[in-house]
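Each of the next two complexes has subunit A plus one more chain, namely subunit B in the first and subunit C in the second.
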Partner chain A sequence: MRIEERTYTKADHLRPTGYVLKSLIVTFKGLVRATKNRPCTVLYPWERLVYPDNYRGRPGIVLERCIGCARCARDCPNRCIEMVEVELPAGGKAKRPQVNVGRCMMCGNCAETCPVNAMIVTPEFELCSYSRADLIFDPVKLQYPHKPGYEVNYEFALLSEMKKGGEVRTYAKNDPNVHDNVVLDAPKCISCSRCAKTCPAGAIEMAETGELNPKTKKPIKRPKFDTTKCVVCEQCIEVCPKSALSIKEVL
Partner chain B sequence: MATLYTVLTDFTQWLMDLIAAILDWTKLGILSDLGDWLQSAPVVDFVTTLLVAVIYLITVMMFALCFIWQERKFLGRFMDRRGTQVGVLGFFQNFADGIKVVLKEHIVPKDSDHALFEMAIFTYLASTFMLFGCIPFSDNFYVIDVNLAVLLGIAIFAFGPFSILVGGWASNNKYTLIGGMRAAAQLIALEIPLLLCVVSVVVLTGDLSFVGIVAWQEENIWLIFPLCIGALTFFIAAIGESERIPFDLPEAEAELVEGWATEYGDIRWGLKMASDYFRAYILCALFTMLFLGGWAGPEFIWAEAWFLAKTFIVFFFFIWVRAATVRIRTDQILKLGWRRLLPLAVINLLIAVALKVAEVF
Partner chain C sequence: MTDEMWINMGPQHPFNHGLWNLRVKLKGETITAAEPIIGYLHRGWEKMVENRAYPQIVPLADRLCYGSSLSWNHLYCLTAERLFGVEAPDRAKYIRVAALEMQRITSHLTWLMAVGTDLGSYTIMTWSIRERELFLDLLCKLSGARMTYNYCRIGGVRNDLPENYERDVNRTLDEFDRRLRDLEALMDENEPFLMRTLGIGKMDGRTAMNLGLTGPILRASGVDMDLRKLDPYEAYADMKFEVCTHTDGDVYARYRVRMDEMRESMKIIRQALAEAPAGPVRVKVPRCPPKGNVVCRVEDPRGESLMYMVSDGTERPYRLKVRSPNFVNLSASPPMLVGFKISDVPAIMGVMDMCIGETDR
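Right after this comes the complex of A and B.
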């Protein structure tokens, strides 16, 4: 096979029109534009761009809304959220998220996954500090006054609808068609009612099934799930001593 | 220079008298003789010339530093951004850079030729500073005005490639060697068209001193009009001579780190970098004096101001070309130098000779 030798064509010559004149004209236009108007750069500490309303800065929290379901801690891709105990104003202690902002990549996943919109995204992005300890935001420091638009809603196309075109829609966070469901493997259940005690959303109720325990002659109770209340935090699954509960994924 | 020179002569005279009086007071024969020698005319002349040269050098260096600032700001606007922001309008960036390079350590590569390594950068800088002396600001602010000033200036300028080649070789580094070789090839290829353009100016004006050339242009016409081809050739060759984009092959950062100056650090590198701009200033000043009538202009501002304004405008075109074009290959540079610029320069010389023979001016 003959290798074609690269030869000079007419365009390769240093022609004044093509190589020099055209580029000179183009750059001069740029100079006039940048001198007449302002350059497109922004002098950052003194000038700021207007950030969009749904800007995703550091995560914030509205403590009154938080139910301590720990879904944010579970879904955080960088594992920067940890549940710590804080004293509630009403008395008692509860677990609330603490965010290591130094590790946070500000994806807003925690706000999207939060079932009660307690986790929000804030427009704050200037987070420099002199020590790493300052970057760990405990629940109190993490608080941020809520404004409409700070919460992140479910906006997606369902996988089951992908074949039909997959239209992106906004879903309510408690929409049982969107979130997964907890199912009970009834023969395994020993009616200990730990799931009902742990549930942060109060979605589990121990209901009588109508059967009687053949030994003690007492009515058998089984957990009953209120799918609109359930936030799929999977705490009941973790706490179940007999692994009777499992997640049924919605598609 | 006359007034400044007389003032400084008086000052030197007073200083030497003072030193001689102190030496006389010691009542020692040798020291009294020394005092008498210090008061003699040659010594006073020498010291005065030295003082004038220092003042002139500092003045020119300050204006040449403005070139760096001008380049930074204009390149910024060409690229749709602001230039440097340090200090008042970014002017203190030069000084910040200068302080930084002064604080650096002086490192000589172990396997380099130490003596040549030090000498090469010294000769490069010295030739640059000598060139400052050849460039007058106006007909009464200059250091030397010899009859052959043009020839002297070009001769000193031609010393640059030599020190670049020696410096590149002495550093014992492949990048510096390639950079030095490229510099030698490129500068020689572009120096001949440059010189021919200067020759055409000399033919037309019949004078080899800058003051004479400018005086001729003031009487007749700015030479850029009859010798427009020569002016263009000189401009392109001048960009190549000052090693600026698109002809910055000797220090092509993308290929050769820092070209022939890779191994130089500290203030030597800082001065080398500044001397690129000093040389650009010298070439702009040459263009101004040879083709744009030098300091000639309406007398509502000083002649020096006219000269500087024209120089800055010429340098604006340097920056413009830098912003617009990309670096070209070695063979393209040589081809441009030998096949395009040289014929143009010869044609320009013929035009000059024809104008002279026809006695148009």
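Right after this comes the complex of A and C.
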């Protein structure tokens, strides 16, 4: 776009109307407007702006929902989430996320990846502290009163359905019908049942295959996966001593 | 009779925004040579992302430039999409265009703030920061953060537009249109500002092209190069807008080009939100891309930014190279500075919109 050409001569610059008055008029207009539209500022510690519910401050957790799948710890770009053992109110111990907020960059990926919406984004951003130890939020300290807007939900479409065209269906986050599946390479399996013990969602069951072990004459048990319960945390894949498990992506 | 001497302007100096050093050789008050020294903010970004999975790099790409984080975020996602061989849904493309143009306006307003303080007008700074807040609120509503949005995803965007978003945006644009006129009055009617910018830092189009300049600085020298027109990505091919150019090639022309770009951005935002088709905003992408490499370039608020990504078939990139527009623009600063007075340095370097985060990476 061609802007209208403006020419300025030295005399123009130095004339008092140009130099002083014009600038003063602009400033005076601003002064009048600012006075009319008072107040223009917020007295911060006493008054606060209202932030939208999806505002991403530090991560928070709803402990009742958490199943300890460690997906947040795996997907954190800064690796500031660590799984620590806590005592459950119902008795027993389980692993729950502990967040080093000093390293957290408030990207909200942990809340986005959480399959049960236990990790939430909170509007808390005043996190200054005198010591670094105070910035390590253990699972109890990490708790935050929950509101539906704090959860991060998204909907996605599948690539194969997009290519087909027509009306494209969208699926909610972690829809059990379309999420990735864990598949077993049966000949590698030694029936150690470590995957079933590790699974935080209780989606793996050691089921008899009907075959008998030729040496011991006992029935062979293999893991059976319940896809509706599975949250694709991949802990079974990590724990498998024979690398018999792998992920089959649904695209 | 004076000897020539080198002066270090930086690493801590009121005129340089960020941590870098400009060494200038002076004869009296006239600059005879200049040498920018960078590297104070080198974080090893390119190496760092080689140890992250593809979706984890998205929030890190935000941190390349705090002033226009969404455009880097988007560039990374676009490059990764081409590497994965997927394409974002149509609705996501339009939302991205609207968000990118809002980001362009905030980036230009941040630049205006910096120019205002450099040239000694505190009012320009406070006003442009106040106007920027309008768009930060909109982007905060959209993505949940004020500066590092983490909004684009590989295969679309994070979430759909919130309720009544188009109405809010159009109201804000109407208000901003009025306020932009005030800002222009503050600059264009300001004789000291004109005296400090007109005819300063001249560079003709041929030299600018040879030095590899891109963005508003190149367009101010009369070259109408804009990747949104020349190599349309996302939904820019459907948008009606003009490429803002100016023929003078001085500091004032660069200022004018950026102010006009804000107007064009406003047009694009209105079009993108009005024409956005219904549909999904995100597709699921595989974890590992096929082997190969891809180059992708977009028009950043500061110029042409480029990413080159090599994949070895695993879930982490083998190499990710970033071409920052500011890095190239900064290397072209000595020819602009030579021959002018040392008091012109803030004006010449100020309109460059320095961002050390993306220059040093």
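Note that in this section the second predicted complex is superposed on the first by the 187 of 251 C-alpha atoms of A that agree within 3 Å, B and C clash if a C-alpha of one lies under 4 Å from a C-alpha of the other, contacts with A are read in each partner's own complex, and residues count from 1 in each chain.
Simple rule for what comes next: a contact is a pair of C-beta atoms (placed from the backbone, for glycine too) under 8 Å apart; a residue touches a chain by one contact, two chains touch by 3 or more.
For clarity, every value in this text was computed on a predicted model and none was experimentally measured.
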Touched partner set for A:Leu43, first subunit B, second subunit C, both or neither: first
Which of subunit B and subunit C A:Pro77 touches, first, second, both or neither: second
Partner chain(s) touched by A:Tyr51 [first = subunit B, second = subunit C, both, neither]: second
In the superposition, subunit B vs subunit C on subunit A residues touched: C
Partner chain in contact with A:Thr35 - subunit B first, subunit C second, else both or neither: first
Subunit B versus subunit C as contact partner of A:Val26, first or second or both or neither: both
Touching partner for A:Glu249 - first (subunit B), second (subunit C), both, neither: second
Residues of subunit A that lie at the interface with subunit B and also at the interface with subunit C: 19, 23, 26-27, 30, 40
Interface residues, subunit B side, partner subunit A - complex: 74, 76-82, 85, 320-321, 323-325, 328, 332, 335-336, 340
Touching residues on subunit C, where the partner in the complex is subunit A: 52-53, 55-60, 62-63, 86, 89, 123, 127, 130, 140-141, 143-145, 148, 150, 155-156, 158-160, 162, 182, 185-186, 188-192, 194-195, 198, 242-246, 256, 260, 264, 279-287
Complex contacts: residues of subunit A adjacent to subunit B: 14, 19-20, 23-24, 26-28, 30-31, 33-35, 39-41, 43
In the complex with subunit C, residue positions of subunit A that touch it: 1-3, 6, 8, 12-13, 18-19, 22-23, 26-27, 29-30, 40, 51-52, 54-56, 75-77, 105-109, 112, 121, 153-159, 162, 168, 170, 178, 247, 249-251
